[in-house]
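Accompanying notes for the structure given below.
Chain lettering (A, B and C) follows the sequence in which the chains are written, and residue indices restart at 1 in each chain.
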Amino acid sequence: MTLVERIAELRERVRQQRPLLHHITNFVVMNDTANVTLHIGGLPVMAHSREEVAEMVAAAGALVLNPGTLEWLDAMLLAGNRANELGIPIVLDPVGAGATRPRTATMLRLLEELQIAVVRGNGGEIGALSGMGGEVKGVEAVAEPEHPLLAAQELARRYGTVVASTGRQDIVTDGTRVMLVDNGHEWLRTLTGTGCAATTVVAAFAAVERDYVLATAAALACFGLAAELAAPQAQGPASFKVAFYDAIYHLSADQIRAGARVSVD
Amino acid sequence: MTLVERIAELRERVRQQRPLLHHITNFVVMNDTANVTLHIGGLPVMAHSREEVAEMVAAAGALVLNPGTLEWLDAMLLAGNRANELGIPIVLDPVGAGATRPRTATMLRLLEELQIAVVRGNGGEIGALSGMGGEVKGVEAVAEPEHPLLAAQELARRYGTVVASTGRQDIVTDGTRVMLVDNGHEWLRTLTGTGCAATTVVAAFAAVERDYVLATAAALACFGLAAELAAPQAQGPASFKVAFYDAIYHLSADQIRAGARVSVD
Amino acid sequence: MTLVERIAELRERVRQQRPLLHHITNFVVMNDTANVTLHIGGLPVMAHSREEVAEMVAAAGALVLNPGTLEWLDAMLLAGNRANELGIPIVLDPVGAGATRPRTATMLRLLEELQIAVVRGNGGEIGALSGMGGEVKGVEAVAEPEHPLLAAQELARRYGTVVASTGRQDIVTDGTRVMLVDNGHEWLRTLTGTGCAATTVVAAFAAVERDYVLATAAALACFGLAAELAAPQAQGPASFKVAFYDAIYHLSADQIRAGARVSVD
């Protein structure tokens, strides 16, 4: 099976299996990521109460940890430890790592205390976590690290995880294997939470495929391709968002065959 | 007056009276339910600080309790007790009841400590609360109880409340009277928070009509009808949401006369 | 340079400088105000953890304090004091002032303990804070103060701040100078958080222009003009929101020259 055929098959597998994606995530994007979960074919639950997270995560296909407003660290560790026991993949979105010291420290603590399957951040965030440069202002990468691939590989090796560094070109690596994704559209930068939404799609694919390098690259290709398909219908960022979410929902095997651009480096 | 005429009249009454709907609700749907409140004709306020909820609820036409992320139970009880003293109807959305034990327990505690006017949940949630079956994964009913009407009636009788069990067909009952609503559209299942939004519309109608069986059935018919009217204009879930919210806003007496499908069982 | 030319120039300055707008804001509008920040040309960050707010605000062009759900007062004071030390303007949105006593007290405490650059509220909120009348139900002004200009001037003088009282006509004053803005559209009242979004645009302009009377009037003119440009494309509140956000993003010098209606009183 070619790489694009495998991507098309994974997208369909998400639709068939309807994995529950348990999010412990920030306030800004909760609504968006719940919708994106439904549109890609999963079931969302946003649950962060310490009382219930260990029970909730046991039903999940993947756990998304997104401490974008630095809440619920205890609940993240409780749910994360339970997910690790059960072999449920954890996907971490290190929102704004590098912007402040407590934020960077929070993300590193999660990487140290849990076995994270995939970290999905922008180049600045991945650079900050790897200690190899880049700059983050608020939650936006205003400068990439000098060597984004080396930064991603360094972080992947240090924590035994898959790292996705997203930007103009997305880099996915476990420290050794590398996949590059060239889908996406500049409109994505005009909306809040598109990185978080990409993380959700990664979690949906990681819930149905244990090769996390492949699952992550496939997810990012689908996400970026949906943006490309939506852009011609948009008059601005808000109409782009509507068309983009519709495109995620409809994204078909034929569209993936025609448009996914993933290469093995 | 026929039943559809009464529904049309209630919808207009909401527009005229502009009831304040005090929500203590979950993070995921706050923005959506505030907008739906405005579109149906009410005034929204999302207030959960223990300091102010008893004062705020005194100005409200109805109180919505939606513990979808298990926050603010104390504030819910404070506001709820004050609402009960003042005769202001409380509408409860037991989001995800059945998914975890603490979640089910939270919903039952609210039913036990407060006089709830209406409980609006999906079949799985109502089944879990009544103890008569059904299954909830995250916040979604993945299995209905074997006898959804009996489950709703049992719950209604036990707590002296009106129960609305929504799904392909909506059941509304106070344990004795039964109304069935056959409006709605499958697109509603592709969006997060549509159950919560339905609860908000129920609260708007309960604020202007003390026959809560009628008010609830009328609200659900209007909600489902707006979805039906919107669907032909949609290309996917996100464009459906836009058209749906527009349709809620515009929903007219003529549209209700032509499209509302409520029957007395 | 004429007044409209100055407004057009300020709007472009926001696009060029991309100021970071640090929001400590309520749950209902976080997603909307983050998007509006991006659309007007700034970078948003929503950060309220006491651990990081003083560090985060140091990178910001302006700080938005919006205690619409009464959270994070400590973090607001920490961030606000640091902003005052650094000369970074603070814009306060006193959501629902007047609706309950704790809410009014919270807003007044922020005005007393911090040097606020601009307060942006509806007529009812400004009336409540000035003690000169008006009525607020939930978060909506249901009655204006008898003399809205005098109320705004009184509040501005008392706290040495610029006050914007928005409604059919927006009043901007530092207690002495007065600017009036006649842009806007009635659709804005059918959506939640449009006042909060206006506050975000005021912050974007205050980040790039130290004449806060001018910056505020310019921001409100741009905000209202975008609404006017969007309205003809809308079928209802939700499609209006999409068109409105698109219009904020695209708002051009030519559109401002043709449509901004600001006068010096």
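The rule we apply is simple: a contact is a pair of C-beta atoms (placed from the backbone, for glycine too) under 8 Å apart; a residue touches a chain by one contact, two chains touch by 3 or more.
Fair warning: this is a prediction, and the values are worked out from it, not measured in the lab.
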item	value
Inter-copy rotation, chain A to chain B, in degrees (Cα atoms; steps of 5)	120
Interface residue overlap between copies chain B and chain C, same or different (over half shared)	different
Inter-chain centre distance, chain B versus chain C - centres from mean C-alpha coordinates, in Å	33
Multi-partner residues of chain B (at least 2 other chains)	27, 31, 242
Contacting residues of chain B [partner chain C, same complex]	20, 22, 27, 30-31, 34-35, 37-39, 43-49, 51-52, 55-56, 59-60, 241-247, 249-250
Complex contact set, residues of chain A against chain C	26-29, 31-32, 68-71, 96, 99-103, 137-140, 189-193, 235-239, 242
